[in-house]
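Okay, so chain A shows up in both of these, paired with chain B first and chain C after.
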Partner chain A sequence: MNYLVSPNFWFSILASTTPVLLATLAANIVSKAGIFNLAIEGTMLICALTGVLVSAFTKSLVLGALAGVFIGIAISYILGYFALIMKGAMNACGVAINLAATGGTVFVLATVTGSKASSSSLVSSTFPNIAVPFIKNIPFAGSILSGHNIITYLAWFFTFLTWFLLYKTKLGQEIRAVGENEETSRSAGINVNLMKFISLAFCGVYSAFGGMYLSMGSLKSFTAGMVAGRGYLSLAMNSISQGNPILGFASSLIYGFAETMTVYLELYSKLNLKLISAFPYIFIIVVLLLVQTIKNNIKKNRKKSLQN
Partner chain B sequence: MDNLLELKNVTKIYEGGVLANHNISFSVREGEIHALVGENGAGKSTLMKILYGMESITSGQIFLRGKEVKFSSSKDAIAHGIGMVHQHFMLVDSFTGAENLMLGYSGARFFSNKKADIEETNAVAKKYGFVIDARRRVRDMGVSMKQKLEIMKILYRGSKIIILDEPTAVLTPQETEELFERLIELKKSGMTIIFISHKLNEVKRISDRITVLKSGKTMGTYNTADISEEDISNLMVGRVISFEYDKTPLVSGKELLRTEHLKYKDMFGVIKLNDLSLSLHEKEIVGIAGVEGNGQNELVEIITANLRALSGKVFYKGEDITDKSIGDVRRRGIASIPEDRMFNGCAGNMSISENIIAADISTFEDKNKLLNKNRIKNYSKELIKKFEVKTKDENQMIKSLSGGNIQKAIVAREFSTSSDLLILNQPTRGIDIGSISFIHHKILEMRDAGKGILLVSSDLNELIALADRILVMYKGRIVASMDNKTKVNEQELGLYMLGIKDQGEAV
Partner chain C sequence: MNEQKKFDIMNYFSAIRILIAIVISLLLVFVIIFFVSDQPVYAIFKMMVGPLQTKRGLFNVLERATPLIFTALALNVSLRSGVFNIGVDGSFYMGAVIASAFALQVNMPNVIHQIVLITAAGIIGGLINTLPIMIGKYTKIDPTVLAIMFNSIFYFVGLAYVSAFLLQKGGSWGSYYFPDSARLGNLIRGTSMHWGFVIMLFTIVFVIVLMEKSSFGYKVRLTGANPNFAKYVGIKTVLVVIGAQFIGGFIGGMGGAIEMVGMYKRFQWQSQVSYVWDGLLVHMLANENPFFIPITAIFIAYLRVGAEIMSRSARLDPEIVAFLQGIVILLVASERFLYTFKKRHEQKLSLQQAKKAEEKAALEGGNSI
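Let's turn to the complex of A and B:
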């Protein structure tokens, strides 16, 4: 268990937290506007592929990233169009997008590269790692906090941005009002759908970076199904954090810890590999249970103190 | 005084063909309190929704300060200086008072500023003489404070016309008094107030003029000073409301229900039941009177097992049923009509037939445990006929019926079980006179058939007309038990209900 004190271990936690954090932020902001977006998973997958393909053909990281973000917003707006304008069932729209993404990405991948599994035959761009001046020189902490992919730092900035937007601006306040009580917001003269589409745009941007981190950051190419449930997991993270991005960051760290733990266990323990790969999910269920129990107890105590 | 707002021949027909308002014309003068009275279903709410831009008009014209206006949404109405306090408050629960007041009121600021919002809210409160806590979250506020916040929201938006939809329905007498003082102050400062109510004494007390609505038509506008409560009542229903029934004198039978020392506190620690004991016999209607919120609902919910008492016991036919489940209690023979018919009285999106058989579905199973469609159909048809439910057929969705017919269907379900005890909580609230009288007759039939009936009602006329015995609840206690063989005096009931008189331990 020596690895627990090695900076590399903690560095990996932050790295593997990044995609889930971005997905959780995406879930946070739409859930505050009263949208349950199941399609984050599919959006991430499509953006992961888009970023790789566009950057490979234009030889430009910036164009690849822009294309990914554009497609991310577009897909969120497709959900928005069907669910909010056409009044379709939101969950069904989400599932439809996810299924289309799973099949569609493989189809496009096979058409372009000839391989159904990965885009490794293409030379695509990747986001650079950043050594943060000053911080990198701090012993121990420096090697944990510095040298991450630029998207990781972006995700941290987005965490702050989302929190600030939701709790410190008029716009955020109106988004939260819409999510909690649509009728009231409408009678207060707020354009309900505008607020929802604004939050969907943020959701698209975050999902896009979450997807592109996987295919253009932590890995150098796109592989089929590479989001691997992170989008769904973000919905759980969102419900633990009740839409609060700061708590969302904390709960994403729990996932990051569990995933990193898995990697190290695979390397250093003699346990069955299959069992180990189930670890992050089991760990999260346990944490969810604990969080819920604590919440229930707090509620019960408050009720009791009111009764006495 | 000039006419500020004028409606000319306004007609509203809903998509389903329901005529809600027919050729309504009336005008509101600047700076008056104008009451709009009428029975439930008379079209008051529809008319107000039209004025507030929530409903479109089928034909007719609305003039504001002499100019014709057309509202396509509430936003238009607000822009023209009309504000409305709905019966269901339009507030965001997790926001503070200040945040609610400022919601949607987009000043030039991009960032929110809690301190400025709170100061602004306090300034508005001070200006109009309201006492509210700007920092408190709405979910922690009492009803009265929420209502004040709603009125402040309207004032803050610069509205000059305030529509109040049954504002006193949720208030205690003291809070009502306070509200009236504020409204009179607002009138003095030049506001125009449209006050919807069906409580005639309140209307008489506060309004300058009264417009009476009856089944979608106006029965005229009158100066409050020139018209008596009796006259208004006659205009509202077309005849004097009187519930006079021939009650067969019956000797009550053996004891059905007994509660012993029931205690209950709600989640805010308010004592709702304080050592409450009562008993009820066969062939007897026991009425429970009281100002709403004095523990009547808790009593009913504990008897029907929807709520658990903190201490005390409930006995049915001598057996302890305190800890039994809802289903168990029903199977033993306690049927109940809940207060809120759309919430737990019926399943709104299901058919009348499905709602009617819900009391005991197992009796409609054939030997393969499948539901027997024919039997269900015949049974539903029979009850619909017997209880005079006005409907196309038994498969119509129940929520598309009028309140009175929904209630008749619920009564049909509950009165047709083999239960010996009926718990009725506000069985005729908010329904038309015809249905009320029909349900009253059915209740008396049940009594004659030997059942025991616990009748909770806020309508004193109803209690006096039906009950054999009237118990008055005040702060979770029974403060009076009155024999109703010779009719109880309404004024005297009132004194007990307000806690001014108390029979004490003798009860």
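Let's turn to the complex of A and C:
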């Protein structure tokens, strides 16, 4: 258990939090607009591949990132078009996009690189790691907080941005109103679909960065199925955080802790390896149960006190 | 009265709609093939006709359809109760694990062995599928989220169980070989058709009778369509939903067990098999009607096998079928797809009726004077 006090351990918690945090933010902002987006998983996967391919062929990180973000928004809008305008079942549309993404990325990968497993034959750009001035000189915290990938810092900024947007601006207020009650907001003169599409755009951007962090940040190439359920996890995180980005950050940290623990346990303990891999999921479900039970109790007590 | 019985193409609207969706997505896939392949016509030909050319290909389609039919039937029962619970994936995987465990760790005479292991897999599968709904009921957490989490958990638990207790040492990753008393025997020589196919036929009949003819099925459908109304007329909706989840999970677990001891000689599923998404596609293409599930499952399996034959002869990745599946689901799921077409037709029809009624009224009016 020595690793609990080593800065490396805490550093990797922050690193493994990043993709889930971005996915959680994506889930937060759409759920506040009343959308249940199962397609975050697929969007991340497609963007991870797009970023790698475009940056490999244009030799430009910026173009790759822009293409990834653009595709992220496009995929979210495809979901929005079919779910909101064509009135499709939201879950089914999400499943459709995920199916197309898991198979489609393999197809594109195999067509472009000839390998079904990874894009390591291509030379693609990666996002740089950044040493933060001043902070990096602080003894213990410096080595935890500094030296992360630029997307990690971007994700922290996005957390603040989403919170500010949702709770401090008129736009955010309208988005939340739409999520609370569509009919009321419509009668109050809010353009419901516009609000939903705005939140979907944010969702696309966040998922894109989440995906690109995996293929152009923590790893240097795209491997098939590399999102590995993080998009689905974000939905659970969203349930824990009830759509609040700050709480979303906290719950992603919990996940990051569970995942890093898993890695370290696999290294240092003699337990069955495969069973440990289930640990983050079980941990998340337990946290989810606790949070929800507490919330239900608070609600019950409030009702009781109102009756008295 | 005769007029109402007159043939109206719109009675088949949902079927036509699905067919058009399939045609559109096939065309899209053909366009993609034209862009990326050197010999597109040959590739498309292989994909569409390939499975018919050999006996092996034809039976491959049937074998491939079997797990799809099981998952689709399972989803049919559990989704029509109105909850989007996809825990069937966990049931299917754990069903296969339980079947392997019973096959390797329990000694029993031939026929009884298979019956015991399939039943055990079914019961575990049923319990797994009810879990998200039970927890969701008491804590008000979204069951879809819970089901996805549980699918991952059960995948790792199953994998851990196999690695801990059933793993054969040395060689490639996999359990010990199943004894003959546990496997489902061959049905037709020279193919891998097994007795699971017969069990599948019975299951199809069972689900059709259950969902379309029995009072339980009616309750499930009513609860799915309008839970408040169902509660109002005195249906115990909670019990109905949980019962539907259990039966669905039972079929899923059975499917996993049958696939494992029927098709394979040992447990080698090292990655998540995710038949649930294909099952969902089949269920939706069948327009939620269990009667059409075998046809749509065979169709999807046909495309899969066709794509694999194409990939062998034309060097195109078979995953291209995934595009097709995605587009088909998107189109079929959207209510508004071809909606204006139907609306216009209905308007025309009602105008005609109004006109006729007017004429009739005028005629009767004339008579009375």
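Throughout what follows, the second predicted complex is superposed on the first by the 299 of 308 C-alpha atoms of A that agree within 3 Å, B and C clash if a C-alpha of one lies under 4 Å from a C-alpha of the other, contacts with A are read in each partner's own complex, and residues count from 1 in each chain.
The rule is simple: a residue touches a chain if its C-beta (ideal position, glycine included) is under 8 Å from a C-beta of that chain, and two chains touch if they have at least 3 such contacts.
Small disclaimer: the values here were computed from a predicted structure and weren't measured.
When the two complexes are overlaid on their common chain A, residue A:E183 makes contact with chain B while staying clear of chain C. In the superposed pair of complexes, A:A89 makes contact with chain C only, with no contact to chain B.
Set against each other, chain B and chain C touch different numbers of residues in chain A, with C touching more.
By the touch criterion stated above, A:Y264 is placed in contact with neither chain B nor chain C.
Judged by the touch definition given at the top, the superposed model places A:Q173 against chain B, while chain C stays out of reach.
In the superposition on chain A, no chain A position is in contact with chain B in one complex as well as with chain C in the other.
Residues 36, 84, 135, 139-142, 144-146, 148-150, 152-153, 156-157, 159-160, 163-164, 277, 280-281, 284, 316-317, 319-323, 325-330, 333-337 of chain C are the ones touching chain A in the complex. Per the touch definition, chain A reaches chain B in the complex via residues 167-174, 176-177, 180-181, 183-190, 303, 306-308.
Residues of chain A touching chain C in their complex: 36, 38, 78, 82-83, 85-89, 91-93, 95-104, 106-107, 110-111, 116, 229, 232-233, 235-236, 239, 272-275, 277-278, 281-282, 284-285, 288-289, 292-293, 296. Of all residues in chain B, only 74-75, 78, 90-95, 99, 103-106, 109-112, 153, 265, 267-269 touch chain A in the complex they form.
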